[in-house]
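The letters A, B, C, D, E and F name the chains in turn, as written, and every chain counts its residues from 1.
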Amino acid sequence: MPSTMRTRHREFLREDIGSGDITSELVVPADAMAKGTIAAKEDCVLAGVSDAAAVFEELGAEAVVLVEDGSHVKAGQKVLAVSGTARSLLAGERLALNLVMRMSGIATLTDELVTKARKSNPNVRVAATRKTTPGFREFEKRAVVLGGGDPHRFGLDDAILIKDNHIRIAGGVEEALRRAKRSSFTKKVEIEVENERDALLAVEGGADIVMLDNFSPEEAKRLHDKVKALRPGVLVEVSGRVRPENIEAYAPAADIVSVGYITHSARSVDFSMTIEGA
Amino acid sequence: MPSTMRTRHREFLREDIGSGDITSELVVPADAMAKGTIAAKEDCVLAGVSDAAAVFEELGAEAVVLVEDGSHVKAGQKVLAVSGTARSLLAGERLALNLVMRMSGIATLTDELVTKARKSNPNVRVAATRKTTPGFREFEKRAVVLGGGDPHRFGLDDAILIKDNHIRIAGGVEEALRRAKRSSFTKKVEIEVENERDALLAVEGGADIVMLDNFSPEEAKRLHDKVKALRPGVLVEVSGRVRPENIEAYAPAADIVSVGYITHSARSVDFSMTIEGA
Amino acid sequence: MPSTMRTRHREFLREDIGSGDITSELVVPADAMAKGTIAAKEDCVLAGVSDAAAVFEELGAEAVVLVEDGSHVKAGQKVLAVSGTARSLLAGERLALNLVMRMSGIATLTDELVTKARKSNPNVRVAATRKTTPGFREFEKRAVVLGGGDPHRFGLDDAILIKDNHIRIAGGVEEALRRAKRSSFTKKVEIEVENERDALLAVEGGADIVMLDNFSPEEAKRLHDKVKALRPGVLVEVSGRVRPENIEAYAPAADIVSVGYITHSARSVDFSMTIEGA
Amino acid sequence: MPSTMRTRHREFLREDIGSGDITSELVVPADAMAKGTIAAKEDCVLAGVSDAAAVFEELGAEAVVLVEDGSHVKAGQKVLAVSGTARSLLAGERLALNLVMRMSGIATLTDELVTKARKSNPNVRVAATRKTTPGFREFEKRAVVLGGGDPHRFGLDDAILIKDNHIRIAGGVEEALRRAKRSSFTKKVEIEVENERDALLAVEGGADIVMLDNFSPEEAKRLHDKVKALRPGVLVEVSGRVRPENIEAYAPAADIVSVGYITHSARSVDFSMTIEGA
Amino acid sequence: MPSTMRTRHREFLREDIGSGDITSELVVPADAMAKGTIAAKEDCVLAGVSDAAAVFEELGAEAVVLVEDGSHVKAGQKVLAVSGTARSLLAGERLALNLVMRMSGIATLTDELVTKARKSNPNVRVAATRKTTPGFREFEKRAVVLGGGDPHRFGLDDAILIKDNHIRIAGGVEEALRRAKRSSFTKKVEIEVENERDALLAVEGGADIVMLDNFSPEEAKRLHDKVKALRPGVLVEVSGRVRPENIEAYAPAADIVSVGYITHSARSVDFSMTIEGA
Amino acid sequence: MPSTMRTRHREFLREDIGSGDITSELVVPADAMAKGTIAAKEDCVLAGVSDAAAVFEELGAEAVVLVEDGSHVKAGQKVLAVSGTARSLLAGERLALNLVMRMSGIATLTDELVTKARKSNPNVRVAATRKTTPGFREFEKRAVVLGGGDPHRFGLDDAILIKDNHIRIAGGVEEALRRAKRSSFTKKVEIEVENERDALLAVEGGADIVMLDNFSPEEAKRLHDKVKALRPGVLVEVSGRVRPENIEAYAPAADIVSVGYITHSARSVDFSMTIEGA
């Protein structure tokens, strides 16, 4: 665990524990020892178990990861074993579960979308967006990767992504791209386009990635083929109207399909923790 | 906005912007001015618009809240107007939307559950749990309140809540309650029970709130009535198997129904932002 | 020690050490080892020794707590033994003593007040207030608990406490209570009253705790009895003119007597640290 | 107010307010305006009123300092006037009072000691020590200065102060001083001595300040005169057994008298705040 | 100024001011007003003047930028005018100068190298490395950009750069590249090579950028041409033995020349600040 | 390593690593172990090796310091050996080298200046100034000390230093000194003078240190002798036009020669790190 991650875990613990776990301090003797396990209650792709382990270690308990992040897990399967003072297990329980439940929810949904998309395009990538929970992005992006997805940009400092508003203010695709190409040579330049003309201008203007926004699967596919004919190395990203039910239709039109609700609308996967005296 | 909230907004901006919005810095002139509005794309209960306003103000733009948090909003309705440099609007857009979309998602789901539950028990409260996104709890709890729900405990330092593991370690309901009553007189003592015997011991032991965990609606109702007969002032919370489809059945058995997925599985409500030159 | 506490200890060390202990760096060889003990110079109730131990551990030394926090200690009694580099012991000495001296001062004063108050009412609690040193509240509240007192609210987010100004702005006790009862069901509602009429309205309005502010012991007792007759479960807190010399007189009128100067005017208990070569 | 101070005020507010002032949020309308004044309830030397003003400004209220820090104030005198939302005044009230009450307590005690000490030595300084409340030192040192005292070292990085343990580890006064003189030329070197021999060695060794620890007033005076005869420029600090009742006796033996309980055992001065609708 | 930058400025002020500017607090009346200007003492490319302005604004003074960052400035030219309390100007003076002097030093050196390199290759970019002062990277990278250079990667999370150690551990260029291509599609993949064979493998393996490390100008040029013949779109970066005296020789072999000492060995440009009574 | 230093190291790692070392995460197996050594590529005075060790330890690797900070090191000499996961070594490499290269650059330059200055005045001290890299001062001051120099003031809260602007605002040397002498007795008072009259007033006014600013070596020497004749205990600091080529000429005129470019214009010393499989 890098130290930045530990800092975040500590912040999360502080959020939950505040000035102290007053119930355990009153009810549980300081020296009572306990063991616990976290198990999945649904089939899923596991994510966050390494974070859960780190949470318990931060509290002074020992944790053994039984199944690695990224694995397919069956309902009932145990994924983490912990031991330490009963107080430390009780103090970490909720945060550990919150991490595993949310991250596994995202990883599992990602895996489902990847599976669907690859039926029609075995090389396609399914990417997340910046539609993440404020303050929790690094965990959600990691869950996407564990589910087989692509994290896309982490933030605004990460890659150039020219959107409709940028194009309008710059006065067109060509001028926007011209300005963007002044960026560091280490950055890719992506541009979002809404019609064929702009897509072709984008390729000519040297974009590394062209994002087709809000096209039908057929229009997207047609444009994808035109763009690739013009410059085979350009990447095509499709975005905007993609849903689980149509991702298979969109996939042939894209190198990458990006989907906001992988992060903004994934439901949690259920996990439970059992604790018993050591 | 209290200063602690502003601190969180700044952290969220740092997460998204990092060392700088490199696209806008290249493509958008520093002195280009713009106006923008955020509008709902679905009917919902609005939450997070005051946070969205604060985000733009933090970036030096002006923001006018058009609809107050907690209001019922129709698809298409504008909720926030902002003006300032185009760069500030572009830098705040994603975070502002992320806040409004997630918080409105939670507020809207809460409102739905409250409406359903009150059909069968007009006085019942629908409460959240601690199953929140790590680091984002204060926003999610606030969204619950804006949707008409009860935030429940904020964290482990907030109220005494004796759970099954505490009872087991203490050696029973009576002993656990006896220890818990040593807490500050300012704290309520709640205890989770799984059978009738423990429920009755809890009331006798002086619990302020008895949580009935994982009962059927009928069992819960029967126990609720017994408990209330024993001590009318005790509050009964029902938890554990509640779903939108059965909350109406559970409500008569409870003063409070608590539901984890209000926070852990709410989907986002869709909002969009339009930006145009000033 | 929870990690939030360690964070505070680190902040305190930074306050005292700043960019370095320049005297020890010049005068004491880096590899000189030493042992030390902290001993009380007065009879007292010990508080802060676990913090003192943590301070030395934070600096890389080993610490053995000889007497647990909350114990009655005699003048001359050793409470902590430490060993490590001489530099670490010298760097932690002042902070460790400051913690033990102040916290034991508060714990000892609390214990004295509890003893006095219980002469006339064996069930009474002696509670602190929010009149604490800014930034040091969690330590002072903990010292109160170690001295046998009740910490009362930790802060404004902790419990509802309706004061005179709230009542005035709301337009009376009834309306203030009505509004306050909209709070989460997990919170108790306390209200401060200055006359009999308001006290009775408070009980009728459903207050969990009624605080009698600035009454004489006799008036307080009379009102206490009226209030309890109306609703036996209501708690009565007496506050405002309580001093060590009259707390015995006030105690029969109260479930809780709260006293600001437990925290705002306790004098330190004297402790000293001896260090010798290992 | 320097920004570091504002940071501390914000931390103090966070400590008191936490996730929100739940009473005012329920009972006081968001748009209710109010005015308030803080007044002394005892004669004192005022300290902390500028901090109190800054606290209310941090909360969005306006504050007018009526009496400057460091002034002698009479019981009943108003020292600060504030206006703003009722919520902001209620949220800042306790912290503002805690700051003024504690800091004025220290300033007033300092002023008393200075007055006593200067009866017998009009040029003497009364200095604080590092026996301060952890985390609150800068405020306590400032209060000492406002009361006419000398703050002494702020922390271990501030000046060289060789204590008994340093001397022992170094193997004597001469060697300890020799090592200490390697410090930056910008630092003064002070040394604590417990007998005449060491005091004279200290002067010969080039100490800027000699601290006489735990001497009687007569012994201290005799040694003071010897030391000054040896090198008139050396400063003599007396420490260790000084109390209000003997500070007048010690003062002639010293350039500086340092007293730990100025900070560790000062009682608070009483202030109150009145709030009324605007 | 984005808020993250302001946070850094505040940290820098805290470093310099600590608990207070004790000289000014003693010597300069709180209400003394002053004006000041910062002027260059050498010809240079200006960088950091916007930071200097922000520093004074943070201290409550007003600042007017007279020459924009990135401009060529002559010795004697005034670049910033400030006005406010004398204390605020004195408190900000050193930090403001330190920022301008260091950042202008880097911008000026970058400009010199760019000018030299473009004599032989008008399209070449001169890039910085990660050899920056710990904690000050964002300022140094910005200075490089202001001097006409390319910032290169900000950090390890920014772009894929496969170095010799990575290649060795992976077991060769092909395997290292194969693994690296699993990265997000938004990231470019750069690889450092030390011989022709690896360079050609790198191009075939799909690297976006090939870094030629420690070649002579002639070898680099020869390899550059081979690599470009193989795939014209690949970028060639030359690194490792580049000095001001040979950058003109290296430039024809590269799209980008990267030079560590732009940041690690630039000397400061001299600036001075004059302050006078307002 | 004090904990404040570890906090800085962590901040530096976060600057470089951000959300993760994406290259190593892709290319280097998590369980690959490695060993590494850092070696000097030039003769130098070593500084920062203890920091480099702490950086690797922070990342979970083991580090053995082979040569202590402050030692004279030959080109090729190994100074640090590390072992751990290959990822931890790769993640720490750049920061460790940046620390050692910059700090050794400063220490080596300081050592050169001290050697030159002491040819003509064996007792002279060479001091740094506050012309340091923002945010990195404690490391640069430490490097100065390791090179045999004097760190001078750490910041504005550290010692009284009355500069020309202070004198002007106060209305002359005498009044400025009179005000400054109200400072804590623990602080030295230094004053910067630009002519003989002020220098003599400074000595008479009781300054501990007189700084001769911008004098020629001859004028400085003449004034130094006058000042010392007046009061032998006063320290004389020479500043302002000192360069490596004239420091030997200035040294006889001073107790201390202070030189800004020790910190603001030192070039880095070259070090390299080799890593190989364990």
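Going forward, a contact is a pair of C-beta atoms (placed from the backbone, for glycine too) under 8 Å apart; a residue touches a chain by one contact, two chains touch by 3 or more.
These numbers come from a predicted model, not from an experiment.
Colleague: Going by the contact rule set out at the top, which chains touch both subunit A and subunit D?
Modeller: Both-contact set = B, C, E, F.
Colleague: Suppose you hop from subunit B to any chain it touches, then on again the same way; how many hops at least until you reach subunit F?
Modeller: Graph distance in the chain contact network comes out at 2.
Colleague: Hey, which chain ends up farthest from subunit D, C-alpha centres compared?
Modeller: Farthest by centroid: A.
Colleague: What whole-Å value do you get for the distance between subunit A and subunit C if each is reduced to the mean of its CA atoms?
Modeller: Centres of subunit A and subunit C (C-alpha means) sit 45 Å apart.
Colleague: For subunit B and subunit C, what's the span in angstrom between their mean Cα positions?
Modeller: Chain centroid spacing, subunit B to subunit C, equals 32 Å.
Colleague: Which subunit E residues sit where two or more other chains touch them?
Modeller: 17-20, 91, 138, 154, 157-158, 187
Colleague: For this entry, which pairs of chains touch?
Modeller: Touch list across chains, by label: A-B, A-C, A-E, A-F, B-C, B-D, B-E, C-D, C-F, D-E, D-F, E-F.
Colleague: In their shared complex, at which residues does subunit E touch subunit F?
Modeller: 8, 11-12, 15-24, 26-29, 32, 34, 86, 90-91, 94-95, 97-99, 101-102, 105, 130-139, 154-158, 160-163, 165-166, 168-170, 176, 179-180, 182-183, 187, 261, 264-265, 267-268, 275-277
Colleague: Give every residue of subunit A touching subunit E within the complex, in rising order.
Modeller: Against subunit E, the touching part of subunit A is residues 125, 127, 150-154, 157-159, 184-188, 190, 209, 233, 235, 237, 255-256.
Colleague: Taking the touch rule as given, give the residues of subunit A at its contact with subunit F in the complex, in rising order.
Modeller: For subunit A paired with subunit F, touching residues are 2-4, 7, 138, 141, 154.
Colleague: Sort out for me which residues of subunit A touch subunit C in the complex.
Modeller: Residues 10, 13-14, 17-20, 58-59, 91.
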